[in-house]
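One chain, chain A, links the two complexes that follow: it is found with chain B in the first and with chain C in the second.
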Partner chain A sequence: MRPEFFAQLRSPVPWIVLAVAAVMPFVLPNYYLHIFTITLVYAALASAWNIVGGIAGQISLAHSLFVGCGAMLSSALLVRYGLNMWLGVIVSAAAAAAIGAMISFIDFRFRLGHLSFALITMAFAEMAEIYVTGTEFFGGASGLFLPKDTGDFFAFQFGGGRGAFWAMLAMTALCLLANLAILNSPLGYYLRSIRDNENAAQAIGVGLLRNKTLAMTISAVLTAIVGAIYARYLAFVDPYLLVSPTLTVEIILFATVGGLGSVIGPALGAFLLAPLGEILRGHFGGSLPGLHYFIYGAIVVAVILVSPAGVWPAIVSRLAKRGRQKA
Partner chain B sequence: MEELLQAIVQGFFVGSTYGLLALGMGLVYGVSGIVNFSHGDFVTLGMYLCLALFSAFALDPYVSIIVVLPVMTLLGAIVYQYLIRPIAGRHLLMIIQLTLGLSLLLQNALMMTFGGQPTRTPSMIESKLFIVGDVVIRGSHLVACISSFALAFLLYFVLQSTDVGRSIRAVQQEPRAAALMGVDVGRVQVMTFAIGIGILAIAAALLLPGLPIQPNQGLRLTVITLLVFVLGGMTNFVGIMLGGVVIGVAEAVGTIYMTEVLGQLLPYLIFIAIMLFRPQGLVWRS
Partner chain C sequence: MDNQTAILEVDRVAKRFGGLVAVDSVSFDVRPGEILGIIGPNGAGKTTLFGLISGFIAPSSGDVRFDGVSIVGTPPHLLVRRGLVRSFQIVQTFADMTTLDVVATAALVRRPMNEAIDFAAHILARVGLSGKEQLTPKQLSLQDKKLLEVAKCVATEPRLILLDEVMAGLTLAETDAPLAVVRDLNAQGTTIVMIEHVMPVIMRAAHRMIVLNFGAKIAEGTPQEMLSNRAVVEAYFGDHVDA
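So, the complex of A and B:
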């Protein structure tokens, strides 16, 4: 671990942001708190995805599978067998890790550089949706209802909107921390070397299979846990929301707009776009369904053409330039 | 046994059109090195254009090709020229992100225009049935199969023995050398992308009769195309058509013989199995 990691943790800025965010449930009205919570879900998902997609440069389209694994499997285990949801989360995180590792292995067998990973993960995401919507255990196409949230922490219940917000805030912080830790550790350097040139990385002794699998597993586990908290918050587990490949596309677009490969970027993308989407959906969901996705699509195309690295790196480089001019 | 034969024949016919979809993708990949993740959404767009023409002028989907083909070809050229070309040659990830964004854009433009309900477009040939032995063949499937193979041959012929085809193959093999030989590489790339999208207009009309369509089906079509494309070894014509048939037959046999879920998963499972044991695709030299 490089010393920068600890230096960044000691800086007061992230702690102040966290503290300000933590008092939000006392300030914001319910509707805006809901939007904030959803935004945190996407921020956490985007930054968990960033470990694979941004740092390692492997465009994973399978993350809806991991979200679904965390949300559907832990819910189904609770509803069908009465298994404690904490245990369910552990089981589903382990399942997500196993699937992630398996996908990495298949990708390793079939090497086409960055392309094959996207292809294989997309096939898996489609399979997951078909499988979950057609299996009675997961509630089939109609989904599952979770028991009422009574605030019993030991049953993975957080006591409604506020509790879920704090749980999601903690999870988002954990995902950001994981990104920061990986970027400052040897793993982060291996992954970035793989992203920039797979063959060269292998030639200097970076193990492709090992490092890619590790990145995929970490990302899968984080994503599954976010999925479980999201499911608990929604209380209704809808496969067409949680296992749909469109969810992955959304995550990727947020991360892309914010800036891949950085710690802040993907979360920033979620904070820019997710509230916009929620508000648009709230206002036009009835009359013009799909408008918010249409706008997302337009924004991502525009961002890639104008500032391909994303919003955050553009801000950073502009600030750096201004700093240099002053000095 | 009869069911199996029926499934294989039907799968073969539908699969040939999947092959056609993947040919468009393979052509573009070979020349520009890009994979278009909004492929299926362009097919869906083609289908909805046919539907719109049917609703407005009662045009049969096969007749609509006359209008839809040039529109889609032009659209393809515009998309390549103004969206893809500026970032061509950069990291492949960006192309994937851009085309995913494009997919979301197209899908939801269709959603806002036509609504999310599944719609069917009838055709004069849809209800025609041919019975050979114990096998029933739908007229639309027969047309789709014959046209797909005819188009594949036409495309092969164009690539092999016309000047346009030679310049496309030259860019495919070695863009730099092609440029030195006086081939306008940029123009060839725009043209191939336009042709690749144009093919989709034809494939859309071929698949449309009797098929319920929805704006959000694009991603699934993209995935099927990708499966065929990879099975076929990316740029190999014969391999891609063969891959299309394999996926088509797997789909048809799966829905008849297995429980609903497993049947639908069969094409993907076959894809993964082939990738594990034959990572280079179905055909050797590719």
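So, the complex of A and C:
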């Protein structure tokens, strides 16, 4: 681990941001707290996706499958067999890791290029949606209702809006921490070299299968846990929301606008776009359904024109330039 | 020298791409501690031969042994870990990584994270890229990219290094720096096999040479022997030369 990792953790900035965020449930009205919670869900998902899509440069369209795995499998195990949801989360995270590892192996075995990898992962995501909506165990097309949240922490209940917010805040912090740790460790160097040039990476001793699989399983596990917390928060587990490939598209969109490959970028993208989407959906969902997608599209075009690398890299280079001018 | 075991044995290796025979039953040994030059006209199969040795291309027939053990089918990254590394003729860049990051990644083969970064900075200074640690490939000249290609290989701390035309495209004066690095490495015990087009460079550097033409080995010997070898002269200059 590079010393930069510990230096960034010792810096007061992330702790102040975390502390300010943590008091939000006492400040914000319910509706805005709800939007903040959803934003955290997307920030965590974009951040987890960044490990595969940003740092390792593998455009995975399979992540709705991992969200769905965490949400649907842990919920179904609870509803059908009464399995404690903590255990359910462990089971579904392990299942997501196994599916991720399998996808990585297929990628390695058949030497998929970038486009084939994207298409294969998308096929897995589509199959997952069809499978879940057609399977009674997962509640079929109508989904599942989770038992009432009584605030029993040992049953994976967080006590409604506030508790769910804190749980998601902790999860988002964990995803960001995972990114920071990877970027400052050998794995981050290996993944970036694979992203930039697979052949040349092998020529300097970087194994493709091991490192890609590691990235995919870490990302899949984090994504599945986010999915489970999201399911618990919503209390109603809807396959058309949680296993939908559209969800992956939103995750990738936020991560790209924020800035792929950086620690902050993907989460920042979620903070810029997810609340906007929620508010637009709230105000125009009845009269102009899909308006938020239209606006997302316009924003993506604008960001790509102004700063192709994303918002966060643009901010960083602006700050660096200012710093140099002062010095 | 003959009683020493070879570090690398290339044994009747052939590679056919469809009907084209790129490498035609080539055999040679590389002795520990030597600098072996490989020359030959364009399309003679030199780079393909490096691909076959370094695990990037599977041979159609024949065997390659490193330290006496067959390495056919061993993936490139594991060969690097064992101490066999190659450079690329067409410079392979990492678009978004700084010079220091790339060389540090290579250094991770044998060193932990913190050490790898310091070691990478040391290697960059040694090949003459100090002050360019934070640049990305876009900001490097061709000469610097070639030096980076060498630095990457050196950072993996190999016992055998395959250099593919690292001097090509450089003026004779510009080859001084990379040549010094190569000799320096060799003096420290690294065995070197180098493909080179710049004849004066390879004549000065190599202890021994082999010559390829149309995929086959046509000559082997000291640089001086090569200059007077009729087959070599014909391959390079055609058969009607008044020189």
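Note that the second predicted complex is superposed on the first by the 326 of 327 C-alpha atoms of A that agree within 3 Å, B and C clash if a C-alpha of one lies under 4 Å from a C-alpha of the other, contacts with A are read in each partner's own complex, and residues count from 1 in each chain.
Simple rule for what comes next: contacts are C-beta pairs under 8 Å (C-beta built on N, C-alpha and C of every residue); 3 or more make two chains touch, one makes a residue touch a chain.
Computed from a predicted structure; not experimentally measured.
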item	value
Touching partner for A:Gly151 - first (chain B), second (chain C), both, neither	neither
First (chain B), second (chain C), both or neither touched by A:Ile130	first
Partner chain(s) touched by A:Ala298 [first = chain B, second = chain C, both, neither]	first
Of chain C and chain B, partner touching more chain A residues	B
Contacts of A:Gly207 with chain B and chain C, given as first, second, both or neither	second
Contacts of A:Pro3 with chain B and chain C, given as first, second, both or neither	second
Which of chain B and chain C A:Gly285 touches, first, second, both or neither	neither
Contacts of A:Arg192 with chain B and chain C, given as first, second, both or neither	second
Residues of chain A at both interfaces, chain B in one complex, chain C in the other	none
Interfacial residue positions of chain C with respect to chain A in the complex	54, 56, 75-78, 80-81, 85-88, 92-97, 101-102, 104-106, 108-109, 113-114, 116-117, 152-153, 155-156
For the chain A and chain C complex, residues of the former touching the latter	1-3, 184-186, 189-190, 192-193, 195-197, 199-208, 261
In the complex with chain B, residue positions of chain A that touch it	53, 57, 59, 106, 109-116, 118-120, 122-124, 126-127, 130-131, 134-135, 245-246, 249, 252-253, 256, 260, 288-291, 293-294, 296-301, 304-305, 308
In the complex with chain A, residue positions of chain B that touch it	35, 37, 83, 86-87, 90-94, 96-98, 100-109, 111-112, 116, 215-216, 219-220, 222-223, 226-227, 230, 234, 260-261, 264-265, 268-269, 271-272, 275-276, 279
